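Look at the two complexes coming up: chain A is in both, with chain B in one and chain C in the other.
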Partner chain A sequence: MTMTKPRIALLVLLGLLAPLVIYPVFLMKVLCFALFACAFNLLLGFTGLLSFGHAAFLGTGGYVTGYLMINTGITPELGILCGTLAAGVVGAVYGKLAVKREGIYFAMVTLALAQLLFFVYLQAPFTGGEDGLQGVPRGFLFGLIDLTNNTYLYYVVYAIFLFGFWLVFRTVHSPFGQILKAIRENEPRAISLGYNVTQYKWVAFVISAALAGLAGSTKTLVFQLASLNDVHWHLSGEVVLMTLLGGMGTIAGPLVGAGVVVTIQNYLSGGELGNYVSIIMGVIFIICVLLFRNGIVGELQRLIKRNFG
Partner chain B sequence: MPGENNNKNTGFDYDMSTDYVLQTTDLVKEFKGFTAVDNVSLNIERGSIHALIGPNGAGKTTVFNLLTKFLSPTSGRILYNGRDITAMKPASVARLGLIRSFQISAVFPHLTVLENVRIALQRKESNSFHFWRSEKVLEPLNEKALELLDQVGLREFAKTTTVDLSYGRKRALEIATTLALDPELMLLDEPTQGMGHEDVDVVAALIKKVSANRTILMVEHNLHVVSRLADRITVLQRGAVLTEGDYDTVSADPRVKEAYLGVAADEEEEGGEPVGASGEVEQQERATA
Partner chain C sequence: MATFLGINLFGLFGQLLVGLINGSFYALLSLGLAIIFGLLKIINFAQGAMYMLGAFAAWMALNYFGINYWAALILVPLVVGFAGVLVERFLLRPIAGEDHLYSLLLTFGIALVLQGLFTQIYGASGQPYSIPDALKGGTKLPFMYLPDYRAWIIVASVVVCSLTWYMIEKTRLGAYLRAGTENPAMLQAFGINVPLIVTLTFGFGVGLAGFAGVMAAPVYSVSPDMGSNMLIVVFAIVVIGGMGSIGGAILTGLGMGIIEGLTKYFYPEASTTVIFAVMVIVLLLKPAGLFGKEA
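For the complex of A and B:
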């Protein structure tokens, strides 16, 4: 299932036509979470680092964009840019502290730092505490295009998603990405070849954090809301689920995983099973870990390789 | 002879016995009261193949980890080309040309054979932080990588995913990867461990071949390999140097016989070598296939 040019063009076209068939707000939600999961996968799937605090970056992007849109009246593209930069800065600081640790300790440090930020946002005056920031205006893109129109906004979100997805793809298939994969595969060997692995991990961490922030900023614009849910550790766990379910270490996996998770949540939360969403997600997670560890995309690739390779 | 080798290649004409590429003085490593390495002073002659032998638990691998800075010594000093590297980081030491291998084959299993070598070659390029460029910029390195693979007889496997290689070939790939950095001093940690007869000979010949122009320090259990390759041998026992010399001197030493050769003979009977080992390897190969 290699990504040839016509196939990519077909997929991009599908994305362009999708809002004609499916409710755009739902699609935008999927795209935001897909971007978030792609950013996360850059660390877990391609560098071998399990961050358990990625919601901190999503939430930071969301709060900064929300605050600026409400209080300064800047245009949405600037709001998103500022949110992304803020998440990148937090990522740079957190990354510096976390990348020196390995394995479970790395996960614990990222979780602890994310919880720290959660309580800061809970107490800080500019976040609205428990209420969050509500009624964030979507504004006019470049001062011209009214984004209160869901279809227009969809194409903006779609463009942002494609950019983020491309950046992850580019990073993975770059000279830098080669070193990341080497670190994932055999860290002591990478060190013994003379690579200062903590620096590479740090750069990957910052890219991942900034992209997570981009996803958060975009999400705030879509739902006109930034709340504590976006920085809660539940979300840090959910992104792990999306990535594993879709296929960690595959380019398309997080996109598929996010699509599946968001769809399930959306359909269940409206119906009678609404109260059991967490349990159902938990069961799916267990099945995924026990039966198909390569995730949906990973297993599909394996099947294709085995039968047609 | 290594001395001759070096004279030929550097053109220097001084007493080789005083030209040491690596020296340690009174190296000590303690782990919570247990002394793993006890006052080890090594002098590694430039251009030689120097072997570190000793019974299990003698501290050979710990010495390796100290030399490559994967561990910090409790006390003592390490000089590399006369420069004190005792306080340096492992990646920095590697950049000075002191490259190690590992006891378990150190490859990048899910990358291709070519990529494995290319990652080493990429170190000297300035693009290894460029996340915005296509990996196509690395293609000029392919030719050099293929040359290195040719040297170890792996050219035809260039596009194979490394995990699918046999154990012996993985070790050969590891040597090609190390060679890509053109190291001044290669530290090989049990390069023939776990190999069948044929692979041992191939790898031993390979080590001999790549020892031209450089210094090799190796930990090795297989005395046959040691006798064939090593110019000088240091015997460790319980973390301390027991004796040092060429193979004939060392093997004639009664203390060595007592401490090491007896143990080695037992080990061979237990099947660590050669029949049992090759069986193990075959199993591994089947498992990965």
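For the complex of A and C:
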């Protein structure tokens, strides 16, 4: 199921029409997490680096945007831009540290660094501690369009998502992306071919972090809230699950995975089944790893290739 | 009030003690991780959940079956270790040849399930577990009051860690283990049942976490998230120490506990972050870790 032009056009059209049928806030949540998962997939699926601390970047984007929107009254597009940049800066620093180690050490380093930031945000004066930043104003886009209207906001979020999605797509299909894949497949070989592997990994990390920050900034605008949940390791685990379930290393996988996970959460969180979320996530993890390693999109691609290819 | 150079000695030694106790748990958990890593080359993300399981097993043994602390100290590590054996045999072995990231994700899934299950049954708040009668007292030292149970934790943890170290470095069984770390195929060729050793090693490493859990039950409240909070710190410690050596894992665990205790006294605001900050410094100066062997 390659991304041909008519198919892309059809998907974009579906996204444009979706809010007519589905509640826009739910759609926006899916889109934010889908963008988050796409950013994460650039690292895990296309570079082979498992970051277990990606919530740090989502949360940083959210906090910075939330703080600026509340305290300075800047317009939302600037707020999102600042949040994204801040996440990129944190990503640049964390990336420099994390790419020094490989494999499972990389996962542990990113997890520990994210936890460091969690405690910093817990104590810092500008994050509102346990309460988080509540009542973040959505503001007027370019000072003109009132984003308190969910339908308007949906199209803004959709545009942001498409931009992020396109950026990941372009990155993966660029010469740079080919080198990332080479690193994933055979790192010593990439080194022997003369590529500065550490540098490539770092750049991929920064792009991924900034995009995760973009997702976090947008999410803060949608829910008018930035809280410690956004930097918690639980969220870092969730994005791994979305990517794994959807299909890592596929372009559409993170979108599908985010849709499924957010739907499950929304369905369960209302009632007394809330605690089952963690159990169900865990079970999905185990099932994915044991039986379903290519994820939904990956398995579909394989099926289509086998039967029609 | 005893003071020295303006330092409140009671406070300082008190925090040092707390640090040593935390360090004892760090040492036990990172030792378990290092042993498992040595042979299986995987990081057990469920190690924290197994520690939590140990504490809950001790609590359940006492409240449902009337099994006291001392019996639990022997039984629970065996039960938790057996759970580890099942996990290795039925979940980890089928994916043994795959990328190590998958085993990491699998154990993360197990941790989520266990934590969710206990939250569902017992709620997020902690359950109390009282200190065994024999250790309820304390000793008054010239500079501080030392509760017996706290002294016991430190002694027991150091003894268990030392015994484990001795077993791995000095005995025949340990030699098999080290040989398996170096070259499992060669060991198999010598007629040693390597898959069995792998399973038992995983069980032993997890059993250590269960043991730590029982020890922790009377000092920390027994709660579903006690393991995950602990585990992330232990990961940082593992990165600091590197997993090349068993002794290194023990020393780093204890040392980081002490550093954390000192920070709690001198600059309490940083006490939750200091170990992560040390990790950053070590990554900058010696990326392979203090005792690390790989490049």
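One rule holds in what follows: the second predicted complex is superposed on the first by the 307 of 309 C-alpha atoms of A that agree within 3 Å, B and C clash if a C-alpha of one lies under 4 Å from a C-alpha of the other, contacts with A are read in each partner's own complex, and residues count from 1 in each chain.
Convention: a residue touches a chain if its C-beta (ideal position, glycine included) is under 8 Å from a C-beta of that chain, and two chains touch if they have at least 3 such contacts.
It should be emphasised that the depicted structure is a prediction, and the values quoted were computed from it without experimental measurement.
Q: Comparing chain C with chain B, which touches more residues belonging to chain A?
A: Between chain B and chain C, the winner on chain A residue contacts is C.
Q: Can A:Met281 be said to touch chain B (first), chain C (second), both, or neither?
A: Only chain C is touched by A:Met281; chain B is not.
Q: After superposition on the shared chain, which partner residues are touched by A:Val90: those of chain B (first), chain C (second), both, or neither?
A: In the superposed model, A:Val90 contacts neither chain B nor chain C.
Q: Of the two partner chains, chain B (first) and chain C (second), which one does A:Phe119 touch, if any: first, second, both, or neither?
A: Second partner only, chain C.
Q: For A:Leu193, is the partner it touches chain B (first), chain C (second), both, or none of the two (neither)?
A: Touch partner of A:Leu193: chain B, not chain C.
Q: After superposition on the shared chain, which partner residues are touched by A:Glu185: those of chain B (first), chain C (second), both, or neither?
A: In the superposition, A:Glu185 contacts chain B only.
Q: After the superposition on A, what does A:Leu111 contact: first (chain B), second (chain C), both or neither?
A: Once the two structures are laid over each other on A, A:Leu111 reaches chain C alone.
Q: Regarding the shared-chain residue A:Pro175, is it in contact with chain B (first), chain C (second), both, or neither?
A: First partner only, chain B.
Q: Across the complex, what residues on chain B touch chain A?
A: Answer in residue numbers: 68, 70, 89-92, 94-95, 99-102, 106-111, 115, 118-120, 122-123, 125, 127-135, 137-138, 177, 181.
Q: Taking the complex as given, what residues does chain A use to touch chain C?
A: Where chain A meets chain C, its residues are 50, 97, 100-101, 103-105, 107-109, 111-113, 115-116, 119-120, 122-123, 233, 237, 240, 244, 275-286, 288-290, 293.
Q: Taking the complex as given, what residues does chain A use to touch chain B?
A: 170-171, 173-179, 181-182, 185-186, 188-197, 199-200, 203, 207
Q: Using the touch definition up top, name the residues of chain C that touch chain A in the complex.
A: Going by the criterion above, the answer is residues 42-43, 91, 94-95, 98, 100-106, 108-117, 119-120, 228, 232-233, 235-236, 238-239, 269, 272-273, 276-277, 279-280, 283-284, 287.
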